[in-house]
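Below: a set of structures, written as structure tokens.
Each of the next two complexes has chain A plus one more chain, namely chain B in the first and chain C in the second.
Up next, the complex of A and B:
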């Protein structure tokens, strides 16, 4: 039993880390542009299918395919910014509708191309299982996925904290007018935030598909919604908060599956959302008056 | 009203600009000049359009009409319509009236941000930050504190210091006296005078504290709602009874 719980714990950490990447993607766009990008989930899906596309084209190299998938997600994200966000000049409601439209287009477009069936997904390398104690095993793929997700998160935080473009993103998030006054090109920084967010979405889509061994055109809806829940529970604008809440939620979900079966998974996530908002309307790590204009 | 600027070397020439937000006209037919070495103040009642004029000069709103020329000593740049970050690179430092610090960054980080995007020499940036902390001892004391937690007066000092990090040519200050206790106010205005004299930085100062502004500045402009009403040396303004009664509260 202990082994089984530990296995579930690892699965929880692994899905939680993916949720965190999703939530931080929302956060980046929310931070620099103060808009909610509802195409985020669809861009993840595009990333995961980008990998399959390269295999379909006959190039049989997993790492090349991953790079292509991330690049495809990035380009898709930039197109969404150009077509569905920038022309609407910050109008909050219009952008929500337009990005939702972009998501529907992408999902249905991919459904047309693939018949909408779940597609089996390649593995980075042949899984090898290590026995830790008794019946408890971990695979190298599992450890690799966790290392990738957590590594991405740490890299993202270091980037925002210490590099010049990272600082530009944080300055724009806190005050776009002041950003201009200290010499930050706000337009460029917004595009950078969008691009990073889309690239992270691509990574999350691919990591998720490798974890479950498959992907399908509407996979982004479930992942995107989880990311949003985390964003709200953590408090909009808080990167570290997102990571903590995502990991806790991943583990909680995993244990609730043990306790009651897979139908309890989402019940836990959304109960957590409702309870948090009842107790702390600004999220666990949020502050009153913060709207996401801050990272 | 025409002013004699023939004996003056203007570093900034604002020529009949209009600032509007959509259909709202905030200021129209505004002309002003800032000569070499000058501190100029722009006064007027609430809603006259002072902040809008300052924003137009800083590139935060594009003027709907007119031209703005800035002489950095080598070339004359046309500013109207250029975005704010480009003007910042030309040496125009704007300290707005509200939301003047980056609240989720420390005092030191705020100062560093003042030069990070404008200076390529990282060592010179560090030197500049350090020398400003010597000039503003309270900032050195609060170095590691989040700027959002500073008092209003401390935030004002931080914002002014941040504007100085990259050694600007021209400073635009929007109501720097807001929230300052008389003692701090005296200190800050004394410091502005010194910066003007020692570093040779010209200043355009929007103020509600008319007495202090006229003390500090060489010349004054007064706006009525949306337009210019007076320009001239500060002594003349203080003597002008009509204006004194209308805007300055005796």
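Up next, the complex of A and C:
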């Protein structure tokens, strides 16, 4: 039993870390542009299929394929920004609808290309199981996934805190007009934020596909919604809160599988969300003043 | 020309009638959401509410053998109560996007409850509901709804809804009881949604939990945003675009349909940001 619990705990941590990356992608775009990008999930899916595309073309190198997948996600994200976000000039409701339309387009486009079947996913290396103590086992793929996602999160936080473009993103998030006054190129920073968010989406998509060993065109809907849930529970605009909530949710979900079976997984997640909103309408770490009307 | 004949040639009268009936059923639920949206209560989990009504109608029909014309108003009342619950739990506490996500989570929660409930058929769905909602039923149900919405729109309540949507604080300071008006919007919207859910259950005869998910909710939301929030005729038009648009863009490959249709949504949002039937100032 104990080793089963431990295994579930590890699964919870690794899914939680992927959720966190998704939620932070939303947060970045919301921060710099004050809009919600609902095509985030679809961009994730594009990233995961980019890897498969390179394999399909005959290049049999996992790491090259990963780089290509992330690049494809980035380009897709920038295209979405150019076509479905910028022409709408900050009208938040319409941007939500237009990015949703973009997501539907991408999902159905990929369905058309791949016949909509779940595709088996390559593994980075052969799984090797290490024994820690007694019966507690952990595979190197699992360790690699957890290290990747947590490393990505830490890198993101350091980037936002200590580099000039990262600081620019935070300044624009706080006040675009004042940022312009002190010489920050607001337009460029917005595009940078969107590009970063898309690249993170690509990473999340690939990590998720490696975790489950397969990917399909509508994988982004499920992941994207979980990311939104975390964004709301943590409170919008809070990166560290996102990480904590995502990890807790991941572990909570996998333990609810232990307790009741897999049909209780989503029930727990969404009930937790409703309860949080009832007790704290601004999210756990959110600011009092934000009512969510502006998104 | 030959392509057109190939495209429309296989369409029979019965098929068109079926399509219009489905559109009418969709419209009833969408009008329920329109009432909520006209009072600024954005719901991303509206299909969950439709599901509550559908399951109630199914239980009434199959387990208790309630006749259709009695179960229709009864389900409407159940929808109204569901609307009150939504309002107490979510509508009064949350606004804007938080409300949208709250309603979405509530809907997903309901889906998971239905999935785990053996009494309601679980994941296989609830079957055995009699097929009763044919097109004549719609001719009886839709006109009163249109009339009621038209009256509401031109009354004090309709203006109060609009005032709350534009600015809650100002509406409150002008003497509108914000909490009560919101409750009223949820109750009226819930009643119409309840009718829609009952008709849906008696149309598809087998209801499964997953059909009341986010996808259906978003489709309804799109119908309303397409039409704009100035008048409920916008929703009638928007629902038509949402419902018939895919059929008109059909090519030989059915999957292309959704692709064209998604592109159409993006283009419409760029060209008509305020919705099809609304003045520029209305949004």
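The criterion applied here is as follows: the second predicted complex is superposed on the first by the 286 of 295 C-alpha atoms of A that agree within 3 Å, B and C clash if a C-alpha of one lies under 4 Å from a C-alpha of the other, contacts with A are read in each partner's own complex, and residues count from 1 in each chain.
The criterion applied here is as follows: a contact is a pair of C-beta atoms (placed from the backbone, for glycine too) under 8 Å apart; a residue touches a chain by one contact, two chains touch by 3 or more.
Everything quoted here is computed from the prediction, not taken from an experiment.
Touch criterion met: A:112 reaches chain C, while chain B stays clear of it. Look at A:83: by the touch rule set out above, it reaches chain C but stays clear of chain B.
By the touch criterion defined above, A:102 reaches chain C but does not reach chain B. Shared-chain residue A:180: touches chain B; no touch with chain C.
With both structures placed on the common chain, the touch criterion links A:170 to chain B but leaves chain C unconnected.
Counting residues of chain A touched by each partner, chain B versus chain C, the larger count belongs to C. When the shared chain is aligned, no partner comes close enough to touch A:9: not chain B, not chain C. By the touch criterion stated above, A:136 is placed in contact with neither chain B nor chain C.
When both complexes are overlaid on chain A, the residue A:144 reaches neither chain B nor chain C.
Overlap of the chain B and chain C contact sets on chain A: residues 294-295. Across the interface of their complex, chain B is touched by residues 164, 167-168, 170-171, 174-175, 177-187, 294-295 of chain A.
Contacts from chain C toward chain A in the complex involve residues 89-90, 93-99, 101-102, 104-106, 108-109, 112-113, 115-116, 123, 214, 218, 222, 225, 253, 255-256, 258-259, 261-266, 269-270, 273, 283. Chain B meets chain A in the complex at residues 58-60, 83-85, 88-89, 93-96, 99-100, 102-105, 113-114, 116-118, 162-163, 166.
For chain A in complex with chain C, the residues that touch the partner chain are 36, 83-84, 87-88, 91, 93-94, 97-98, 100-105, 108-109, 111-112, 116, 221, 225, 228-229, 232, 263-264, 266-267, 270-271, 273-274, 277-278, 281-283, 291-295.
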